[in-house]
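For reference, chains read A, B, C and D in written order, and residue numbers begin at 1 within each chain.
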Amino acid sequence: MSKKVYNTAAEALEGLTFDGMTVMAGGFGLCGIPENLILALRESGVKDITAISNNAGVDDFGLGLLLQTRQIKKMISSYVGENKEFERQYLSGELELEFNPQGTLAERCRAGGAGIPGFYTKTGVGTLVAEGKEHRDFNGETYILETGLVADLSIVKAEKADTHGNLVFNKTARNFNPPMAMAGKVTVAEVEEIVPTGDLDPDEIHLPGIFVQRIVKGTFEKRIEQRTTRKREHY
Amino acid sequence: MSKKVYNTAAEALEGLTFDGMTVMAGGFGLCGIPENLILALRESGVKDITAISNNAGVDDFGLGLLLQTRQIKKMISSYVGENKEFERQYLSGELELEFNPQGTLAERCRAGGAGIPGFYTKTGVGTLVAEGKEHRDFNGETYILETGLVADLSIVKAEKADTHGNLVFNKTARNFNPPMAMAGKVTVAEVEEIVPTGDLDPDEIHLPGIFVQRIVKGTFEKRIEQRTTRKREHY
Amino acid sequence: MPWTRDEMAARAAKELHDGFYVNLGIGIPTLVANHIPEDMDVTLQSENGMLGMGPFPFEGEEDPDLINAGKQTITTLPRTSFFDSATSFAMIRGGHINIAILGAMEVAENGDIANWMIPGKLVKGMGGAMDLVAGVKRIVVVMDHCNKKGETKVLKACTLPLTGKGVVNRIITDLCVFDVVEGGLKVVELAPGVSMQDVKESTEATIVA
Amino acid sequence: MPWTRDEMAARAAKELHDGFYVNLGIGIPTLVANHIPEDMDVTLQSENGMLGMGPFPFEGEEDPDLINAGKQTITTLPRTSFFDSATSFAMIRGGHINIAILGAMEVAENGDIANWMIPGKLVKGMGGAMDLVAGVKRIVVVMDHCNKKGETKVLKACTLPLTGKGVVNRIITDLCVFDVVEGGLKVVELAPGVSMQDVKESTEATIVA
């Protein structure tokens, strides 16, 4: 009975994209990013995207692919610059950039998804981040007001989905995916495996399907940004 | 190496109680309540407690036990009154009561635990709950300011803990336990089973041990408030 | 013939659509679950921390760790997921639930609803009702048109302390179905054998064409 | 002899105590992990969503789904738990991490810290640094006393845009250990062979007795 499952990433985005839209993309660095949906977004040709994502990918992978094609007008991120094209567009003024502290960014997404339009945080008080924001004291300490974020579309990546959109993530690939899925007016999830509803233990579901409107099975490159290893000392 | 495991509920509370303290107690109705720690709190004799709990137990079980002994001065709850002694104390003015909408209460705990001293919500706008609270418009809608809650002590109940305090909950017995564990200056968890650290799958831990300072294995009555069943039609 | 409780629940079930996430209140709204068509994919939320609420358990299979928001023992379904109370109300407050069907003591023509306290009587608390009416996209009230004294519950303005202000979209009573519209309530359906005149006589709220 | 990078890390490791939850920044702070006594129960947090960070994987065992906040491949430990970014920063912001050991470009005598941007140079962003310095109970900075041009990084007031205001508790440099106290910085330890005079000559910040 479930109508959430789509055959291709392109089909999963059908009818959801429009120029000037706001898109949240899950992932931290290149870990847990919605590789397939980013490609489908590129193919869709949608322009003037405001992309909310902790990072901006690298030149030829992740959101970097949408920078190459100049489909992104503005980014809201906490850390960028593993990406030459990003740098060029930013320095030339072609790309707008809003830096958010990482925790503020995560909480803004969770708040947006939870119907909380604003919250106070200590993060950034006394810094550039606090400029122009309301300051307020609680119990003798100063906090600033940050607002909730909502996206026209959230694209996220999980390890598994059941056909009702219940999601399970793998290790640190969870990261921004759950709060961003909560904050999407529509959320599309790409996964490594779609299992029949009932296969997931209800206590082990990380994100209930109510936050996920469409699902597609992807194929994944899973690029590693910093391959660090240690020598095997004992055999 | 872990020093989080205590032998008895009484030992687990040692040094943590003082008159006039604020205590959060997890659970919804009688489901997922910290039965053993409530008893230990009663034995401790601590007085003038402000108890933050969604409900107030029944006369002879749950927080009702601390009402019997008049150890509670004030309750912050969303729904009470399955409890005659509560009713008597409240009507006679012996017990203070602050009603919070259930979602506001849950979010106030999560906010307190997350370092968020205040957040805006639509819940309660135009009702008694909004009286005396700051009103503010975001995107043309009116919201009220609610504050984060922190407790001197949070007592919670989980199904399993490992010796580092990582917790796993069972079904709807999860309820208020995770957000309240986050909001405790000190959090003590009682569990049905303590397993060696490493036995829990790191992707299946509901509440990381950083939020739990002490653990004790309890024995549980698990009383059912409304036993509803259906007839077996087929065999 | 006014609708019976069960007929009201059946009428309320028509408010549901395939793929909906739904929160049902206590009382008549609970009965709505019995009228969901078998081929309709509807997921019931229980605000204590569960999506995909199943029926009551068979006798002897009650699980004290598995209850609904009314504290009744229930069961799971294949689709069920569990979560904590903060996440549960993030769903509700964040507008992720498609519809809530709730009972009420009073509703008013401007969409106000009162269903949590009667001054002078012992107040048990609002539970999750205020969060539901504020957060859920569409609020449908199901209630008797009049109280036990025969006084209308469909008012120009609520007299009891409010649960939510201007939040109700539709009202289903034993006599009719109202929509809350500009200027008052609009009758969109009558119970069989109930006339517009019957409704007007039992309603204080402004009825608009 | 000023401390080497590794000696600074070893000194910083003395800030840790049994049962601590710790966040280590990039650079010298990362090396602190190598100096945690084997019998000390310390849990490392990685702000991308992990408690109980293990060492780098053996070659060929790298898992792209298992990285730290520096985007390096790592491993789990028996105690490991994973969670989302909102929960991770709830820990940080909520004061649940006992200590963060971080690098810095500049620190000032009032506890200000600057470690995220140099005006005129390409800014990569603050990542989680602002959340850490604002939320973690105790902030220890580990850095060279002077920059590559030989200019002190221990200032009366930071010249670079701040990461946090009045947040640093202790500073460990190659020359000494300072505490941020009323009125300025107090030297609480000197590297072997380094004199108070050496420290004074390399420090702009007010040094109090």
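As a convention for this text, a residue touches a chain if its C-beta (ideal position, glycine included) is under 8 Å from a C-beta of that chain, and two chains touch if they have at least 3 such contacts.
Remember, it's a predicted structure, so these values are computed and weren't measured experimentally.
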Selected pair, greater C-beta contact count between B-D and A-D: A-D
Averaged-CA centre spacing for the pair subunit B and subunit A, given as whole angstrom: 32
Computed distance of Cα centres, subunit C from subunit B, in Å: 28
Distance from the mean Cα position of subunit D to that of subunit B, given in whole angstrom: 35
Contacts with two or more other chains, residues of subunit D listed in rising order: 76, 82-83, 89-90, 92-93, 135
Subunit A: positions in contact with at least two other chains: 107, 110, 114-116, 121-122, 169-171, 174, 202-203, 206
Chain contact topology (line, ring, star, complete or other): other
Pairs of chains found to touch, sorted by chain label: A-B, A-C, A-D, B-C, B-D
Residues on subunit C engaged by subunit A in the complex (per definition of touch): 18-19, 21, 39-41, 43, 45, 51-52, 76, 78-83, 87, 89-97, 135
Subunit D-touching residues of subunit A, taken from the complex the two chains share: 28-32, 54, 77-81, 87, 90-91, 99, 101-107, 109-110, 121-129, 159, 169-179, 206, 222-232
Contacting residues of subunit B [partner subunit A, same complex]: 107, 111, 114-122, 136, 138-139, 141, 143, 147, 168-171, 174, 202-204, 206
Interfacial residue positions of subunit C with respect to subunit B in the complex: 46-50, 55-68, 70-74, 76, 82-86, 88-90, 92-93, 112, 122-131, 134-135, 161-166
Subunit A residues within the subunit C interface of the complex: 1-3, 110, 112-116, 162, 164, 166, 182, 196-198, 200, 202-203, 205, 208-211
